[in-house]
Amino acid sequence: MTDWVTLELPSAAHVVGIARAMAVASASSANVPVDRIEDVRTCASEAVTNAVQAHRRVEIHLPILIRTTVSAGRFVMEVCDVGPGLDEEMRSRGVDGPPREGGYGIPVMRALSDSFDVTPGGVLQPGMGTTVRMTYLLEPAV
Amino acid sequence: MTDWVTLELPSAAHVVGIARAMAVASASSANVPVDRIEDVRTCASEAVTNAVQAHRRVEIHLPILIRTTVSAGRFVMEVCDVGPGLDEEMRSRGVDGPPREGGYGIPVMRALSDSFDVTPGGVLQPGMGTTVRMTYLLEPAV
Amino acid sequence: MTIDDQIDGTSAVLSVNGEVDVYTAPTLRERILSAMNEGATTIVIDLSNVSFMDSTGLGILVGALKRMRQADGELHVVCDSEPVLKIFRVTGLMDVFGVVSSIDDLPAAP
Amino acid sequence: MTIDDQIDGTSAVLSVNGEVDVYTAPTLRERILSAMNEGATTIVIDLSNVSFMDSTGLGILVGALKRMRQADGELHVVCDSEPVLKIFRVTGLMDVFGVVSSIDDLPAAP
């Protein structure tokens, strides 16, 4: 069994800072290299923001979840919601084209993590929502 | 329904720092007065340490839980374990007598919170363990 | 997050402190809009004291840049904090904003 | 938490950095014991760079104080950080340790 550190948050904008603090403290305690800690902070913020907004869009008032663990030499962070789901096209969108007023969250997470995966469904309700999973190598790659 | 921010942690010494970070971030986002934030940090550390040690003493490997909310003008923090329970005598022990190598955790929590209560049982398993509940006034008392 | 502003005729400098995220970004947007409404045609957003900013903040800044350009105004971003610069870099927005590291590096007002 | 030590004959100064809690306190205890084993009869614990300490750290320090006194040695605590001082204060241990705010305030070695 993997030991997860799990934070359940009401789906509201003012809690995103709590998720960042938890993610950074987990990453530090897992010995994520110091120069990657800010990347973890940013990715936690992006993923939790998206989860909160996904709930808001369909007026779901259930909590969202962020959890972390260490597995196979990597720090793993997952953010789960029970929103309407994240479609294929969005997942692989880049930063090309003219500057836009949104749509940078996923490209930022892809750039600042060592792996980025999206699966439908999640820990909270297997048949609903989205789980975003990001990993960070604990040792710098050689 | 009260909205709780809930952190579930494996019962291990290295996670106490994660609980402190979550408690401090929750307290900040709840607008706990700046000069009380360090008290929240210390109390979270004491309560989670006791929970981890209670589990260790009876070799329970279940997670522990720390959760926060705002209720009736107070920031509320609860720490729950499924350990052997905390007896009456310990709850009201002071700091008198010769210096000792332990037993300061509860007096510290009582001194650094605006209310300190212990109830048997908890959120995780109603019939087992201990819930420590501490509150902090959001506005300085007049 | 707190914002100190200094409005001087048609120039405004907004100095942002703290964290810019989905919770605080709406305030940043409002403050930029109200500087525009007060007649600012050159707005400087100083992020030197921002400890954290994510893509929600970027989105607000892109929106402000577009609105300023439509109104023939200018928006400049000052930032010397490494974690904040990184998000401009990975999104390719460094050059779009012409981010400079000090207010002294800005082009003089025309 | 990290600890820098400076052992000079029978005097040892242990400078503690970071957070002292249930996870890191065992290391503090070991480092104090090894200073004693190396013959230190006066040990100074400098907590000036400790950002956080809870009662687990206090317990370690009380244990060390007792052991030093039994061995006719001395243990001094230096601390000028307000959150750390608070925990000495609320437990009534300020005077027990004779906490001073700077290493220069310590009594000269006999």
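Letters are used for the chains, namely A, B, C and D, taken in the order the chains are written, and counting of residues starts over at 1 for each.
Criterion: contacts are C-beta pairs under 8 Å (C-beta built on N, C-alpha and C of every residue); 3 or more make two chains touch, one makes a residue touch a chain.
All of these numbers come straight from a predicted model, not from anything done at the bench.
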Review point. In this assembly, which chains make contact with chain A and also with chain D?
Key: B
Practice item. Just give me the whole-number Å value for how far the CA centre of chain A lies from that of chain B. Key: 28
Review point. What is the distance in Å between the mean C-alpha positions of chain B and chain C?
Key: 41
Review point. What is the distance in Å between the mean C-alpha positions of chain C and chain D?
Key: 48
Practice item. Would you give the residues of chain B that are in contact with at least 2 other chains, written as numbers and ranges? Key: 14, 17, 20
Check your understanding: chain C: which residues touch two or more other chains?
Key -> none
Review point. Between which chains is there touch?
Key: A-B, A-C, B-D
Revision key, fill the gap. Note: in the complex, chain A contacts chain C through residues 13-14, 16-17, 20, 38-39, 41-42, 45-46, 49, 52-53, 95-96, 99-105, 107-108, 111-112
Practice item. Within their complex, state which residues of chain A touch chain B. Key: 3-10, 12, 14-15, 17-18, 20-22, 24-26, 28-29
Exercise for review: Can you check the complex and tell me which residues of chain D touch chain B?
Suggested key: 19, 21-23, 52, 54-56, 58-60, 62-63, 65-66, 82-83, 86-87, 90-93, 96
